[in-house]
Amino acid sequence: MISIRNLSKSYGDNLILKDISVDIEDGAVIAIIGPSGCGKSTFIRCLNLLEQPDSGQIFIGAAEITKKGVNIDAVRQKLGMVFQSFNLFSHKTVLENVILAPMKVLKLSQEQAVRDALEYLEMVGIANRADHLPSQLSGGQKQRVAIARCLAMHPEVILFDEPTSALDPTMVDEVLSVIRKLVRSGLSCIIVTHEMNFAKNVATKVFYMDEKGIYESGTPSDIFERPQREKTKIFINKLKVFSGEYKLSEIDLYEILRQVTEYCLKYDMNKRETNKITLICEEYVTNLMKRRVSDERIAIFLRYNENDDSKEIMFKDNFSPENHFESPDFDEMSVLLIKGFTKSVEYRRENGQNVFELKL
Amino acid sequence: MISIRNLSKSYGDNLILKDISVDIEDGAVIAIIGPSGCGKSTFIRCLNLLEQPDSGQIFIGAAEITKKGVNIDAVRQKLGMVFQSFNLFSHKTVLENVILAPMKVLKLSQEQAVRDALEYLEMVGIANRADHLPSQLSGGQKQRVAIARCLAMHPEVILFDEPTSALDPTMVDEVLSVIRKLVRSGLSCIIVTHEMNFAKNVATKVFYMDEKGIYESGTPSDIFERPQREKTKIFINKLKVFSGEYKLSEIDLYEILRQVTEYCLKYDMNKRETNKITLICEEYVTNLMKRRVSDERIAIFLRYNENDDSKEIMFKDNFSPENHFESPDFDEMSVLLIKGFTKSVEYRRENGQNVFELKL
Amino acid sequence: MADFIQGIKDSVYLNLIYEDRYLFLIKGFGMTLYLTFMTFLLGTLIGALFCKLRLSKNSTVSKTVIWLKTLFIRLPTLVLLIIFTYLIFADTSIDTVTLAIFAFAIKTGSYICDIMYSAIETVDKGEIEAGRTLGMSSFMVFRLVVLPQAIKNALPVYKNQLIITMQETSLVGFLAINDLTRASQVITSRTMDPYLSIVITAVAYLLIGAVSGLLFRLADREKHLCRADFINK
Amino acid sequence: MADFIQGIKDSVYLNLIYEDRYLFLIKGFGMTLYLTFMTFLLGTLIGALFCKLRLSKNSTVSKTVIWLKTLFIRLPTLVLLIIFTYLIFADTSIDTVTLAIFAFAIKTGSYICDIMYSAIETVDKGEIEAGRTLGMSSFMVFRLVVLPQAIKNALPVYKNQLIITMQETSLVGFLAINDLTRASQVITSRTMDPYLSIVITAVAYLLIGAVSGLLFRLADREKHLCRADFINK
Amino acid sequence: TGEPLTLDNLAGKKVAAMIGYSTDYILSAANYGLDIYRYDAYSDMQLALKFHRVDAIAMEMDEAYVFCRIEPDYKIALHAKNQIEYGYMFSSDRKEFLPEFNQFIQKFKKTEEYADLLRRVEASAYAPYQAKKVKNVVTTDRVLKVAAFDGWEPVSYINASTGEWEGADVELITHFANSLGAKVELIDMSWNQMLIELGSGLVDMMLCPDSLMLAKDLEMGGHITMSDPVFLKDIVLIVNKEEK
């Protein structure tokens, strides 16, 4: 079991990880997902002390590895690591890459090491390339060798840092299927990945990282089907969000419509849908503009879920409580038009604002 | 219009492109897809003579660019190119990258070039980074700068060689949406890509390359929804294929079952489905084994369509013409079991072989 | 102590002040600077030429150049100097300083050829292709894309080469050209005081080294300033 | 023509055969080889040491080393030789050849420090991390991963350094050690035959250069052979 | 340190000499069993002696006078070879001046100017050499090209204040040139350069006189012919003064 207590890490003044505490059970397969730059690599590298945490403790089993004077090399033997950029020893052949550490660290005899190595190379399906140099391999082949090299040290846990990100799409599968094999054999893995399907199928637990920590964690179905928190939702559903806030007294309708159209085009919505959305916005805004008094503000949020192709519009304003669509001041035709274009319209009052949620 | 006539290219003894003839209309958006190493890059690089074709002619409009003594630099101005690895000039800032060629080749004044450049940078949404060095940008940002640099030369056609393959998945969108913008503005593009969805939505025509040429071409819906030829089907449907041929007199049932199981596990089928498939194979093989005579052979093909998750089993044998499942020699229980597990079973006689197609 | 200081005073007087010997050293210093500067300039040109030829697609040309620069590197500089003075240019009336500069420049150029070549090799091929696809001629790409980066890559080794060249120029003593080293030798042979002028020589060479290091650094900085200017415009 | 051949015959006789003068040259050749070899060996060790210290995390240590090697590079070799012989080791009975080797080695070592440092810098940091995560100690990683690659990177420049060192050893004339250059000078002063011994020196230096180039290449090849062996086993 | 040098105990002694000079040649040929250390410059030898890298420096007598005068820490320990005849080297390719020189020197040795020259050379042991300016009287278009060393009192040196050549040999050669009406062209050269220029006939003669004991060896090479004797010089060994 790996226990992490109050782990913090910053680069210079830049706080990356803040006070993370989490336990990882033996045999668990953890998928770490999250936006770029959120600290996934930093987190996983702290685990085997490739980065020195600023504070906090890490326990592997009962032993604290962050204690001073701990034999870091012995710790690292238990924690294999596979990098995005393979990091094979470029001057050594595939076989030499795999036998080097077993011979030098575990002090295996050469015969023993070669025998083991060939077994692992067989397992990742690349034994026939044993005498090639890394430069003669494709990316997928390199990564499989890196995995074999890692396995040859019999680690208890393997840390993967985006093992397929540097690969041509056609080579991703061969690497993922090797990782699946490992997982099936019962090895603990911690995998940073952008392959959501893979994470969903393979992981026993998913960590979504954001805001300098583990923002949300749970089983794959929790995270992927029922994400609870805002940022997780945006990330998981590949929500493309538009938001704009405007002072009613200074509003420029055409600028708003331009922004909305651009947003729609950017995410490749078709003409009809783009028209729908801009029309809805136009109707809503023009109706409210008529009622301009002093410092009313309106806000427009658009959300496009790329996964299920659903779209959502949200309007907020700080008018007095009122469901505009039922107000006599709102043009009747406009209401009809908006209702015709949407699947559902919901009104609620929230934080002193009128909130309208429209689903397309 | 770009016309290609009998284009061939080899590296050493290794023939890569064989006798390709094709026309590309003005305003067309061509997506080139195909397995890794099939020569997509080589093809696109031949178009602007980054690779010298061995034989054949290329016409841009009426002019033959493969003719001797042609001014290659003038040709290349018309053909922009965006590379997988960005290839920004690493010693120059973003702005300098964009203005260099216009100033030196088109002889624009510096003010003019800067004005244009800022416009294009604005268009790709990166004008605020004009004074950064490439090393200070993310991959997606770099690629957008590369596109702006290319646009600044006012090319008639832009060639993209896997513009998003080197990018983090989180950055792919920003680049694709810029390309979409270009396409929408009416520019001709030839795009090598592994992003099938993008190709489907954006291209006016798709070339599937294989077997040293353009193996199949057509509209996106032709290629992606109704691929005609075998290899295209395998590629488009991400078919994962297993095939094994066995001599009945030497058959090792357990070895076959092991191979089949491994195949299923490799592509991450679940336990139930794996069991189904192995059972079907087992029943079929055991029933035929009973009838071993002299040099009968059987072959097993499995096909797993990752796109729609459908699975297909095909058996072939060189017995005398006979639909085994209706033969009295075939165990009745086995037939029931196989039919129970499958959606449909078809029998036909083909090339002197009995062929069974089972859909799961 | 007083003795020691008096000794130094005497030594300084005899070596530098008496008969205006410091003038001799200053002239020598000037000659060393001149030789170094000219040699390095010419050497850089020769190195660039060699490098250009070495990059030629014609394998005869490139092999010849490799062969030549290897020869020049392997022949001791003194031998090169002799060959230049007494074999190749024996019948001309070119003055010895020019000859020496030429011989040193050939040697320096051979080293610089190596330095440039490997610097150019490290420039990303992709950037060259990108330049070509933008319609630049191969020379333009070389000048605008490859060269600036190659220069940046090569600068540290190139700097060291300047120091090596400077020290190598002391071989002109062979042609009785009074550079810094020879000037100090001549003074020594008059005063029979071997120390002071050695110290002066050492200090002078260190000085030149430091100044050239500084100049290189300034050159670097200036480029940055330029860039900032350009952006702010 | 016959005259010319007779001239060469005479020249060879007088410069080489008469009074067994070739022995003198051979001894000088041997001394040059010895000096070069020892200097280069010691210089490599010093360079490695400097490089190690320069890579030290303690910035005082690394800065001191950078400062020192810059000093050694900037001081002319002759000045270093003088400082070593007459200042640092003035009162010891170390023989001049050893002293000369030491002075040259310090100089060569400073250059080799630069060479090694930049070679090590070019080794992919990722491979070092990979080595560490496999449980290798940092020294193991250095020895097994960094060094072999650094050596490969540095080899071409390192080879050139051997040639430079070899030529620099001719400065031992200052300490009246009879190396190749000096031997040929003695013979020339006896016969006043200006060319032959220069030719001989040149040829000898070229020969050493070529042989050392060959040795380096063989060393390279041997490694390859080893690898092939290992795989076939 | 150690015993005073005598002609009998020279075996195994380390003696410094200028490479290629008469001292080098003569001591190499003499059977003293010396280890000869060959240097390029007097200052190098001086340092070597000062730090006991060598036991003694070999010099020609007139150089030794000046040397010991300027640097009082050294003294002449021993005359290793006495009264050796010195002449000038002429290039064999251009020996047109040689017979004329031999004739000239026979007459010149009898003149008061020659005796005065020798006196002033002797006197240079105690005070700087008293040069006498000899005007070069040119009446023909003949040119005598002479390779010369700078910085070698009292033989040849450039006076730093006037920039003119001075020294005993300079005076003598100018007298010779005047006897022919030829123009003297003195060219400053390094020793190594002289070997080449003289050996290949780029200059007529070398200004520094050498021992005639070299003559046979040099003339066998075919590039050099030596003149008749001009001076008599001793070869002496110089040691640190505090030594016995």
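The first chain written gets the first letter, and so on, giving A, B, C, D and E; residue counts start at 1 in each chain.
Definition applied: a contact is a pair of C-beta atoms (placed from the backbone, for glycine too) under 8 Å apart; a residue touches a chain by one contact, two chains touch by 3 or more.
The structure presented is a predicted model; accordingly, all values stated were derived computationally and were not measured.
Colleague: Treat touching chains as neighbours: how many steps, at the fewest, connect subunit C to subunit E?
Modeller: The fewest touching-chain steps linking subunit C to subunit E number 1.
Colleague: What are the chains that subunit B and subunit E both touch?
Modeller: Touching subunit B and subunit E alike, sorted by label: C.
Colleague: Along the shortest chain of touching chains, how many steps lie between subunit A and subunit D?
Modeller: So the least number of steps between the two chains is 1.
Colleague: Between subunit B and subunit C, what's the gap in Å when you average each chain's C-alpha atoms?
Modeller: The answer is 55 Å.
Colleague: Rounded to the nearest whole Å, what is the centre-to-centre distance of subunit D and subunit E, using the mean of the C-alpha atoms as each centre?
Modeller: It comes to 38 Å between the two C-alpha centres.
Colleague: In subunit B, which residues are in touch with two or more of the other chains?
Modeller: Residues of subunit B never touch two or more of the other chains.
Colleague: At which residue positions does subunit C touch at least two other chains?
Modeller: 82, 86
Colleague: Got the subunit E residues that touch at least 2 other chains?
Modeller: Within subunit E, residues 44, 47, 192, 196, 200 contact more than one other chain.
Colleague: State which pairs of chains touch, listing all of them.
Modeller: Once each pair is checked, the touching ones are A-B, A-D, B-C, C-D, C-E, D-E.
Colleague: Over in the complex, which subunit B residues touch subunit C? Could you list them?
Modeller: Result: residues 48, 50, 73-74, 76-77, 79-81, 83, 85-91, 93, 95-96, 100-101, 104-105, 130-131, 146, 149-150, 153 of subunit B touch subunit C.
Colleague: Note which residues of subunit C are touching subunit D in the complex, please.
Modeller: Spelled out, the residues of subunit C in touch with subunit D are 70-71, 73-79, 82-83, 86, 111, 114, 118, 156-157, 160, 163-164, 167, 170, 181, 198, 201-202, 205-206, 209-210.
Colleague: Help me check something: in the complex, which residues belonging to subunit E touch subunit C?
Modeller: 41-44, 46-47, 67, 70-71, 150-153, 157, 160-161, 187-190, 192-193, 196, 200
Colleague: What residues of subunit E sit close enough to touch subunit D in their complex?
Modeller: 16, 19-20, 24-25, 37-40, 44, 47-48, 50-51, 53-54, 89, 191-192, 195-200, 214, 217-218, 220-224
Colleague: Applying the document's contact rule, which stretches of subunit A touch subunit B when the two form their complex?
Modeller: That would be residues 35-36, 138, 165, 168-171, 177, 180-181, 184, 194, 201, 265-268 of subunit A.
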